[in-house]
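Dumping the structure here so I can ask a few things about it.
Order of writing sets the labels: A, B and C. Residues in every chain begin at 1.
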Amino acid sequence: MWFIVEDLINGILMGAIYGLTALGLTVIFGVLKVINFAHGSLLMVGMFVAYWAVTLSGLHPYLALILVIPIMFFFGYYLQDIVIKPIFKAEKDVREPITVIIVTTGVWYILDNLTLLIFGPQYRNIQDNPLRGKMLEIGGMFISVPKLWGFSAAILTALAIYWFLQRTRMGRAIRATSLDRDAASLMGIKQYKVYNIAFGIGTAAAGIAGVTLVPFYNVFPSVGVLFDIKGFIIVVLGGLGSISGAILGGMIIGVIESVGPQFMTATWTEGIVYALFLLVLFVKPSGLFGVRYDW
Amino acid sequence: MTRENFQKLSAALLLIVSFGLPLVLRSPTYLHILILLYLYAYLTTSWNLVGGFAGVLPLGHAAFFGIGAYTSTVLFLQYGISPWIGMVLGGIMASIVGVIIGLPTFKMRGAYFALATIAFGEGMRVMVENIDYLGPFNLNGPRGLQIPPLNVGLANLMFVNKEPYYYIILIMLIAVLMLTYTISCSKLGYYLNAGGEEPEAAKALGVNVARCKLIAMAMSSFLTALAGVFYAQLTLFIHPKSVISLDLSFEIAFIALIGGRGSIAGPVLGALLLRPVSDFSRIYFGHILPGLHLIIFGTVLILVMIFQPRGLQEPLTKAYHRLLDRLTEKPAEKE
Amino acid sequence: MKILEVKNLVKNFGGLRAVDDLSLTIEEGQILGLIGPNGAGKSTAFNCIAGVYPPSGGEVYFFGEKINNHNPWDLCKKGLARTFQIVKPFASKTVLYNVTVGGYVHTEKRAKAEEKALEVLKYIDLYDKKDMKAGKLTIADRKRLEIARALATGPKLLLLDEVMAGLRPTEVDKMVEIIKDLRDNGITFFVIEHIMRAIMALSDRIVVIHYGQKISEGRPEEIASDERVIKAYLGEEYGVS
């Protein structure tokens, strides 16, 4: 019986990490109103950056955050500025430009295959990092230590982003733009700068997620695909644009994934996740919690 | 020569060349490349009925491809039913599934629709990968199904040489292009275009937008399933990752988008331009630079979306018309 | 013969009552004008009548038939057409294509639909632009295209939503002529308009609504001097007490 609780806890921990991976997606959607299909690839890039940072420096994985966050932020900032902004400008009147989705899919393909080209398809992992395989024993249950770290990182990042949006000037500008971009630009807010920053934040969040995954997850060029689809599922469940929704949605998936295999095969568990996704899309596209915007 | 006659002559020449090609081109490798080229042109044209005419972005069409392939293969292996009949049955299955998927999803906005189709496609793949038996039918899960090359011949859509496959897919392609052309000139075509571009206005003009989209979906899924059957008979081996793959769904959509969705020539043009890129980069650079063709696809896609969102067919068609003007005389203005 | 009868129409959006107990009738061959300050609920009323959303209360009768929950496309086939305040041309298609879509309502054949379309285009003076892409038209031409498309469906009742907005005075006068001419040819009109010169010239009767409620109804001259109408438009200070 304890196994269920153990699975539940580990599921919640892993779920928060899933939520972290989806956090960037939800922020980008909330502000730009587009679903960034390249999100999984950005996560993958974050993982690679973290991997190399740790392998080359030998430092604790979470110290890699010092490098990862700025690198990923600027990567996202300029990706939006150079590749995606032209589409927005061309499709100014369309509220949800579909062409951007197509373009981000192109970015996904390019990033994944470029990484494949440069680094090869092999699976990499950091063998001797201080977190790998560590377990914390609490009352007969084994809690995964890297996942615990990941959980904390997820909650902290979510709070940090929330604080940023609520308390800083740029955060207010971002919120204003997400609610009504025309009114916001009439107030003197530079719409595209806001987009760039939002994209940067979203990508940095993906980078943080990458750092949390690297201690226990394999790193390879197509790792993003799995998280991409899961990311979509999570943000739809949690409500596109909602930060708490992303974390909660991730936890739901995490719990299903870890408790499910007790009762059915792992792949049927995957099937349940898809079924839940479709159900939510049909019945309540604004998400399980119905909250459209957190801010 | 008048413009009309010139176009008729070019069409005739094109037909003669394409039918005559296998007599000149003997290499099975090249024939295979052409067969796949026509297959993709066929797939993108079928996709275009929904993705172009109806104006939505379906990213799960491989599911229909797979339904066709699995239906005919299972029926053939277990009950000895000819793949031709398998085509019809697979097509009907795919149509039904397509309409079922379409009913709830067409109401969604663009991005959600795209996500839902991805979910359906992947969900179906996961399902097939994990079921060995669906009722009395043996799907064999991830191991796939293999068709032993016995009883070759037209009745079983199985041949030793590539030539018969070439002609079959060529005829299928011509048929689907003619179908697309007929639809585009018909009431359904007008209604689909209207509903795709401005649904509110179309509804006020008497267009039942939802019903038209469903009709387009039913047709598109039927046709895509036929291609799945063809593919199964061509390669004699199918498994979920090859026939119900996300990559296939995306490739079809990408090619149609680059070529120009919504037009008739666009998808074919896209296939004509991009498939050779894909094939040659795989043949010549496959070892040193794997995945190069996908990088090229992605880059071309982005560039096209920024500079020519209606696809490459737009500038190419304009150039073609200018060429026509120079070569021919215009017919007298109809009054 | 009463072509359109609206009885106690109510439309709520959550807590907001956009249309409040609105009743009106239109006789065949009439032009009824609907005016009111911005946000009064005019377009909402139109949308309820035209089947875009169902009324929250009340009934709408078209030729005596209750049409409360009918779809826009069914209504169109029955002879109720409408234009949109913000024009929605099929921008990537030619003018002829646009109008042909309307022409398909009563036929399956392209030739017939196109024939009807060309007829309408000649009448409304857009014929020489028939091969232009709709996206490239001027705003005045786009408004005429809206009407042309609706006309091609062969309507008996045509709902025009602010079709004069953005037009120059000469264009407005021309449009008034066209509408009057169409009425003489058998089409009944229900017109929302802000441009007073047009609505006064066109309408046989006018209904005034404010905050979703009908505050006045009558001939144009009566409305122009109605104190409630003046107050609604210009504010309390302007009422002649």
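Please note the rule applied: contacts are C-beta pairs under 8 Å (C-beta built on N, C-alpha and C of every residue); 3 or more make two chains touch, one makes a residue touch a chain.
Here the structure is a predicted model, which is why all the values come from computation and not from measurement.
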item: Pairwise touch network: line, ring, star, complete, or other; value: line
item: Farthest chain relative to subunit A (centres taken as mean CA coordinates); value: C
item: Per-chain CA centroid nearest to the all-protein CA mean; value: B
item: Between subunit C and subunit B, distance of the C-alpha-averaged centres to the nearest whole Å; value: 43
item: Distance from subunit C to subunit A - Cα centre to Cα centre, in angstrom; value: 49
item: Averaged-CA centre spacing for the pair subunit B and subunit A, given as whole angstrom; value: 33
item: Residue ranges of subunit B in contact with subunit C within the complex; value: 185-187, 190-191, 193-194, 197-198, 200-209, 310
item: Sites on subunit C touched by subunit B in the complex; value: 50, 52, 71-73, 76-77, 81-84, 88-93, 97, 100-102, 104-105, 108, 110, 113, 149-150, 152-153
item: Touching residues on subunit B, where the partner in the complex is subunit A; value: 57, 104-105, 108-112, 114-116, 118-120, 122-123, 126-127, 129-130, 246, 250, 254, 257, 289-292, 294-295, 297-299, 301-302, 305-306, 309
item: Footprint of subunit B on subunit A - complex, ascending; value: 34-35, 83, 86-87, 90-91, 96, 98-99, 101-103, 105-110, 112-114, 116-117, 121, 225, 229, 232-233, 236, 265, 267-268, 270-271, 274-275, 277-278, 281-282, 285
